[in-house]
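Should a chain be cited, it is by its letter among A, B and C, assigned in written order, with residues numbered from 1 in that chain.
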């Protein structure tokens, strides 16, 4: 493993190794971290600001004992403004550090960076329709831990799915497992794009497109809720209520099911849901730390 | 002590313990810092930028051996822009670190954060009329060191006092000591608010409201000067000269008195004053490091 | 050595000592860094953002084992906006750390800071016509390593030279060596300023002003290309092609010559040139790390 660019690159054996390492990282964090990667430097190169994602990676690096170079808004604060190419920036920054976490504003940014870099590139989101593979891996890790397995699960994605980077990335991962069933719940105009459905057809994964979650709330194991912009629905005369998770919705869910969300949330999950044991989104966030620690450690170890 | 939200929470015994620890921290810094808190991570979450306050906390964390996650302008650079609630942000960020230093743009922000966080919250200023308790503690520490005690002192606050976060916080602390006398020197329109005076009445602390410092310059132990915006006075036809500390003013002060200022200063203290031994404001700033180290250490120790 | 303000302050013996230390730093980096400066804190105080220069200094500090306080846009994010003087800012920040790396927007900013600071100030660029001495030192180190010596070399500076901070700083350094010959290649309107030429006259260094590099391409040892803003030339009806390094230009260069560039580049060096062994600009960037490590170590050692 040289770079982390997209979900597709992960095989089931590598995913299993990653999850085992993440379990170990959880124990390490409980003991106050390690010093094993003390000499390592990670660069956070965020062309679009995201304090949460950036802090998650940087905390992971710190818990491993390493150090962090950081820019929270490279587009404003760098030579991008004088027209430097991403490739030049990466060649230069890769001489200062041992790994680069890149959030780029264009789809394909991470792939371009990986082609030129002599240190590992980690895609922390590229473009609005691109990928966010480390989010997908922490999502999958959460599902595995909360549900005990991934094979055989029924997962519902709800929200504006057309440009959902996390939904796209997680679907690629789910398609590697057995007997998974996926429901895409969205207004027609905001449904998941056809390239994802073609991928599922190829893999023989069952799925269904729905406009409402009502019929499947009681039978899915995982509800993966995503952000819905109020304006987007309002402009299309779509009732937001249909896509909102509140206390009434959660009462219809299976006792052993979970609700996930990549966060930040807006109005699509009511705060009254937070205290229910099925609300897994804050546990999901916490898992991000362990999964990112494991990914960084695997990259450093395989680039030794 | 779980969180640091407002000055009122500090009792005299805790203040004394804090000051002793700050003295120890001064020695530790002179020796080049410690590694005692090496595994700890502090997050600087500043919704309003303040390089000086942020650096002061982060230097404190580094001198303790710890690590720092930082955002200098969270309002622009975070999911605040998509409408995430402060409470959600805190729940997420608290999974990455061991303490959060929060400067929020709304009064009460720190209290809301403390109610939800499972790591210590330190209020680094909330709203323009809110509190800034760590500034008040370093101010009090400076007074104690420079004057040898706090009981029995006469303190004059000069400037625009109506929205003075630091003046408010420090007054709460002074009111816990014996025989303190306070002068509030400001144009009527910018005087200290009545809630503070009511608090002093309750506590039986003597105070006086003045429009000019002339009558008390020669008898106070501490002049605490605050920023005066030239425009604010000009628009009200108030003469700035009355509230300015220059070489003529300082010559009338007692030999053993001091001038303090939370900094940054604008025109209200002339630069010619800097070399006088009574100019304590840069020593005050330096004390901030020791007091913040002591506060962080106390929080980490009591949350073990 | 107390501060690094301008190129002129460096004597040849100090330059040689610096280069030897930089060689040692290269070995230290290859071994994963050192912990020798673990207790030290460096502040990056950038009033103008520059991710590359900032990361270079911060990586240097990390490889030395130290810690970093950082602001990437102090002008927006600090009390500069309320009118604090640079001198006050420096007095305050110098109480938090062991060295300050300053990029200021005004020529002379670093000198003013050095006059007041009790920790070392490192000028990381001041004003558009000021200096950038650490860039000049890493440039000189690169020339020394690539060409085997500095005495006797012929160096051509190409581009918009009138406000070229790096060209100015490097020329001062080159003038300290023997038998150096310098060509300044630029349109008349953008030529190097007369103060630099007067300095070379005083030092007895040979130089020539040219509008085109055609006549000297085949005989120089170093081409130091600088950024050319397309608009600047276009408005003056100057043909950009004359100042562009492409594959045809490089074929006319000596086998043992090199092309340098402070980066970021715009259109003035074609990307097809990158794979030629004479393209030294990415090696130049990498050298920045070793030279800055050496400078920081020398400052810390001489301020012990």
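Couple of notes before you dig in:
The rule we apply is simple: a contact is a pair of C-beta atoms (placed from the backbone, for glycine too) under 8 Å apart; a residue touches a chain by one contact, two chains touch by 3 or more.
Since this is a predicted model, take the numbers as computed values, not measurements.
Annotation, subunit A versus subunit C: rotation angle of 120 degrees from the Cα superposition, expressed as a multiple of 5. Two copies of one chain, subunit B and subunit C, form a contact in which under half of the residue numbers belong to both partners. Between the Cα centres of subunit B and subunit C there is a gap of 40 Å.
Counting only residues that touch two or more partner chains, subunit C has 70, 72-73.
The touching residues of subunit A, counted against subunit C in their complex, run 39, 41, 43, 45, 67, 69-74, 76-79, 82-85, 88-89, 91-93, 95-97. Contact residues on subunit C toward subunit A in their complex (touch as defined above): 32-33, 49-52, 54-56, 58-59, 62-63, 70, 72-73, 227, 263-266, 271, 282, 285-286, 289.
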